[in-house]
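Consider the two complexes below, in which chain A is the common component and chain B and chain C are the respective partners.
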Partner chain A sequence: MKISDSRYGTILSIPGLMLLLVWVLIPFSYLFYLSFLRYDNINPVIFSGFANYERVLGDSAFPLILTRTFIFAFGSTGFTVVTSLILAFCLNRIVKGSTFFRSLVIMPWAVPLILSGFLWAWMFHPSFGPISDILMKLKLTSEPLNIYKNPNMAMAGIIIADGWRRIPFLTIITLAGLQSISPELYDAAKVDGADSFHIFGYVSMPLVSRPLLIGTLITLMFSFRSIDVIYSMTPGGGYAKSTYVLGAYLFDYMYEFLNFGVAASASVILIIFTLAIGSVFIYYTLKKR
Partner chain B sequence: MKSKSVVILCVFLAALLVVGITSAAQGEKAYELIDWNKPLPMTERLLADQYVLPEGWQEATKGVKELVFFNSGALTHDIATAIGMELFEQKTGIHVKALEVGSAYTFPKFLSVVTSKDPSVHIGFIRAEVEYAHVASAGWAHPIDELWTPEVQALYSPGLVDCIRWDDHFYGSVNIVQWYVFYYRPSWLEAAGVKKVPETWEEVWEAAKKCREWAKENLGPDYYGLTFGATKAGHIHIAMLSALTYSQGGRTLKEGKFNLDTPEFRESWSYLVNSIKEDIADVACLGYSWSDYQKVFGMGKAAMMLGYSVYAVKFPTDFPEMAGDWAAVAPPKWDATHPDSHRIGYINYDEYVINNFADDRHKAAAMLFLDFYRSKEACMYELLVEGNDSFLPAVYDDPNIVDKVDWDLAKAVAERIGASEPVKAGTTIPEVRAASAKTARMEALPPGAAYVSDILSEYLGKSVIEGMDADEALSEALSKIVQYTH
Partner chain C sequence: MKIRRALLKIVDHPATPYVVLSVIALFMIAPFIWMGLSAFKTHAETFRYPPTYFPENPTLKTMSEAWSKAPIPTYIANSLMMCLGATIIIVIAGSFTAYGLSQYRYKGSNMVLGLFLFTRTIPPLALLLPYYLVLMKLHLLNTRISVVLYLIYLSYPLVVWLLKGFFDSFPRELIDSAIVDGCSRTGAIFRIVFPVAATGIYAIAVVAFMWGWNEFFAPFLFIHYDELKPITVGLYYFVGDEYTYWNRMSAAGIYAVIPSLLFFLLAQKYIVKGLTSGALKY
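And then the complex of A and B:
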């Protein structure tokens, strides 16, 4: 029996499709189903229509939580992109000891996000953290530095902690992009009289922009649904919930308030946001082809 | 033909009888095979210097090789638990395996187990005041009423027994207990011109104010009169608010429901908020966990705190810079108009519950472990080796208790788990602890408590950071709480 190529392709994709079904579709369908239940572990479980969605979207704190989520995600991604670019360009120039410096840059990647949060929480601790101590010893501040009492500084703190852990990934992607640029292009630019800034703006950046963009979108997606660093650094979202983001909101409803229905609806909302960012990523990936 | 039919009918009936008897035998749950009051009444078994196993345990736990439970944090910090596991294995041959989970994730891990009906983890570790009632009412914990007869209840701290009764049933037993006591630094009080040790929260306020002024001038801007933890993590702010409420004779629960809109709770709320606003306590208290603020006191950055009794053991070893400049008394009452019976300590209390989805034989083994862990034998290791408090007040009354501890075993276990070597010594601040055991209190809050804790934490922050009026902040918080809990 002769099987056509398209049918053969379909048959070969069945195991993959099955995995997709088991790992993605079934859990997502269950999550979607849960989001329509009153499932708070206090009252009997009943179908409640859109009540959970109404609760999340109607929560007076929700607009603020969403704003903070965007500030955190874009702040962390922005910090990561800028730092990664600087590091990647520096690493690209370093010849002696390049292996050592590259290993050094990758090191934070080995630290789990949750530990990164604990580490930075200790660094920024107002009573026994080294940052406050050093600043006081250098007489740069007369009082202990407590980033948590200022909502903007608290947000900046968690952005630094989250970005610190994500920088290696984006640095490596950018560095790989930079190293794939033919040295002849740089030589040609130099012959044409281009200085370092021109080379950066007209040669390096355009050629590294695609991997950088893809890396940035992935970082943005991860930051958007991040909770590890926030939870370990500012449990409960910090003083007056200044660092309370959507991920923390859903974690609280799931693991603290045990209200699975509301947690599920918050998850669905978070998935929609992440998918919106993901679709940009997919668009650019497919466009490359 | 007829006789053939009769024979067939008889065989059928006999088979039915056998099946019936077998089913009936199987209908008896494994844990029901244990007679908790034999060979000795349960109270005597528990009070014996060496725990006495109940009758029928072998049959009930037949085939059980291992018990698995979640331990909050690394076992290195829980030497008494490790000794308890070892002693239990020596007595029963059942190995106890601790899954070490960070304290913030112990409950989420247990929640994952019970919601997926996973029978492989037999014992969960939960916080009594916020998680217990929810776990019990959701049907995730196996009821253990047979372990909590009225006679047995009478052996233990009444405040604690109240916490493990939910809906007229018992679902939990002790893992760890620490009474709150009031610590102060005598040298600071003297230097600041405080004539006597504060006995009321009113006096604490005045003393803390003087200490802050003195410390700010002589030690630095980050030295305060009072310290406490008020982070949402571990619901530590609930402890402080409850302790202040109890000191006025108030309660946070009434007939099993939240009772927060009371003059006592409002006073407690204002006290906490204003202590930060009026610069007696550091604003960082809002982010301090239970260990942070006690560390702050240990490091000598605050004059007073309401803290765990276990720190009386830790100060000399973990904070040598204190150089003995600390003392502890019973928690203060609200003001001089209140009776001394209002000098009630809060309790740091974590519980073991049995996974309701575990099989019956493992449930039986888990019940046996819980029974052992509340016995005098296990409690004396908690008190003397780890420095926690004893769940069983009788341990405080035994003058020869130090010699009843197997110190060689304690040392061997310490070496195996990497803990510091235990020192053979008596109980620190014994009078304060023994008194607390009788009066200390905590309330197991009803389902939804975590949300209440979250809202209180948020509005505490709003009041301190965003300058919202304390009373207005509480009223707004309470109206949100009412919406959620009704």
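And then the complex of A and C:
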């Protein structure tokens, strides 16, 4: 018996999908169920309706936490995008030493985020770290720079540590996009009298915008929810809770306060925000050119 | 116009990209340099103010202390076992899924791909709690399998997506001619497609491996026995209540980075290529 081609495709791809769906759907629906329970590991577990959501959304710190989450995610993504674009354009232009520079630039990809947090935490240390010392030696600051006692600088610190680890991925994506542009397009533009700025604006950017956009959305999604750097760099949310984001709030309820119900409803809220970004990502990925 | 011409002169100068790259590259490797130098300092020297840059009495003691004081070899072995196990499962299963989605499209295959991406947009952090409770009910906490299962969820969708793009650019004539020559469709996969696509699959496998190597919170929650922890969690061994053993942490960090860095630098040529033909072909 001959199986049709489309049936064959189904047979090849469905088993993997089923496995994944089971493995995602069970925890996913379980999470929703948990979010409606009073599950604080103290009192007996009972159904409590929207009490957990009311507690999270009614938390007086919640608007601040949400603001910080957005500042962190967009700050880290913005920093990553700008640096990656510059890197990719430079790497695309050079021939000599391109492998050398590319290797240097993508090295942070091999560093776990948690280690990135430790390393930058130490480098930013006001007394024992090199950054404050170098700034003092350059006479840019008269007293040791303590980013941990300044909410804005603490945020900048975690953005640098997070972005540092994300730059390589976006650089490679953008570079791969740039390298797939045909050189004839540049030649044609030059014949028409375009200078480097014209080429950047009318040739390179439009053609690289799609991979760049997808890469940017992935980075945004990742930094929106990752708290590795925050956890290792400014444990507990740092000075005046200046780096306390939604993920950290969720993790505290799960790991420190052991209130699983509230943690679950905070998770659901985090999921809703990420899906907003994620649906844009899916739309652009599946959209035909 | 004058400003534009002056700017153009700077931008078009052949040395400009090298200058810019050198500056950013310095930023990118600065933590590596600091980690590398500190691993050869003594504990006292890391708490000196102002800080020293080059170790005053370079010592190999720190590197050996980190190796022997904490079970670093065990941690690394655990990380390797978990990441390799998960990567092998993900790449083998994902290859078939992606190949089916790419070469034998069926009604709704685009929706299937969308579902895949959807599962990946769910923040893993948000699913940690239900995973913890489900694994507890399955009596899988404190096993390496728990982390492997979690890593499969973490990387499977993106790997399928990358592989699908990669197979999309696979020359269909190669498959068709093999089938005309009497090869079955399944035979063509093993004899033609996988051997030809090996480097691309390898590159994507390395990316999946890196995602696993980077994971911290899942093993942090799922595993409490020291002999089962991966290196990311193991790094916490050097963080004390009173003070942190920065020098030993640096040494341990070097051990943690070396395996993934090796994999990575060996594969980087293929990764750039794999992503060019994979993620970006549309």
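Convention: the second predicted complex is superposed on the first by the 273 of 289 C-alpha atoms of A that agree within 3 Å, B and C clash if a C-alpha of one lies under 4 Å from a C-alpha of the other, contacts with A are read in each partner's own complex, and residues count from 1 in each chain.
Going forward, a contact is a pair of C-beta atoms (placed from the backbone, for glycine too) under 8 Å apart; a residue touches a chain by one contact, two chains touch by 3 or more.
All values derive from a computational prediction rather than experimental measurement.
**Q** Following the superposition defined at the top, how do chain B and chain C come out on chain A, clash or fit?
**A** clash
**Q** Of chain B and chain C, which one contacts the greater number of residues in chain A?
**A** Touched residues of chain A are more numerous for C.
**Q** Name the contact category of A:Arg7: first (chain B only), second (chain C only), both, or neither.
**A** So A:Arg7 only meets chain C here.
**Q** Please indicate which partner A:Tyr255 is in contact with in the superposed arrangement: first for chain B, second for chain C, both, or neither.
**A** both
**Q** Taking the superposition on A as described, I'd like to know which of chain B and chain C A:Phe128 touches: first, second, both or neither.
**A** Touch status of A:Phe128: both partners.
**Q** With both complexes superposed on chain A, which partner does A:Met107 reach: first (chain B), second (chain C), both or neither?
**A** In the superposition, A:Met107 touches chain C alone.
**Q** Classify the contacts of A:Lys139 with the two partner chains as first (chain B alone), second (chain C alone), both, or neither.
**A** A:Lys139 contacts neither chain B nor chain C.
**Q** Determine, for the stretches 165-173, 237-245 or 273-281 of chain C, which one clashes with chain B when the structures are superposed.
**A** 237-245
**Q** Which chain A residues contact chain B in one complex and chain C in the other?
**A** Touching chain B in the first complex and chain C in the second, residues 127-128, 231, 255, 260 of chain A appear in both lists.
**Q** Tell me, which parts of chain A touch chain C in their complex?
**A** Against chain C, the touching part of chain A is residues 5-17, 19-21, 23-24, 26-28, 30-31, 34, 83, 86-87, 89-91, 93-94, 97, 101-116, 118-120, 122-123, 127-130, 133, 136, 164, 167-168, 172-173, 175-177, 179-180, 195-197, 210-211, 214, 221, 224-228, 231, 247, 250-251, 254-255, 260, 263-264, 267-268, 270-271, 274-275, 277-279, 281-282, 285-286, 288-289.
**Q** Where on chain B is chain A touching in the complex?
**A** Of all residues in chain B, those touching chain A are 104, 107-108, 111, 115, 134, 137-138, 221-222, 231-233, 282-284, 286-287, 289, 292, 295-296, 299, 301, 447-448, 450-451, 454, 457-458, 461-462, 464-466.
**Q** Can you list the residues on chain A that touch chain B in the complex?
**A** Result: residues 41-42, 125-128, 142-144, 146, 148-149, 151, 231-232, 234-242, 252, 255-260 of chain A touch chain B.
**Q** Which of the residues in chain C end up touching chain A in this complex?
**A** Those residues of chain C that touch chain A are 4, 7-8, 11-12, 16-18, 20-21, 24-25, 27-32, 34-35, 46-51, 53, 93-94, 96-101, 103-107, 109-110, 112-131, 133-134, 149, 152-153, 156-157, 160-161, 185, 210, 213-217, 221, 231-232, 235, 239, 244, 246, 249, 253, 256-257, 260-261, 264-265, 268, 271-272, 275-276, 279-280, 282.
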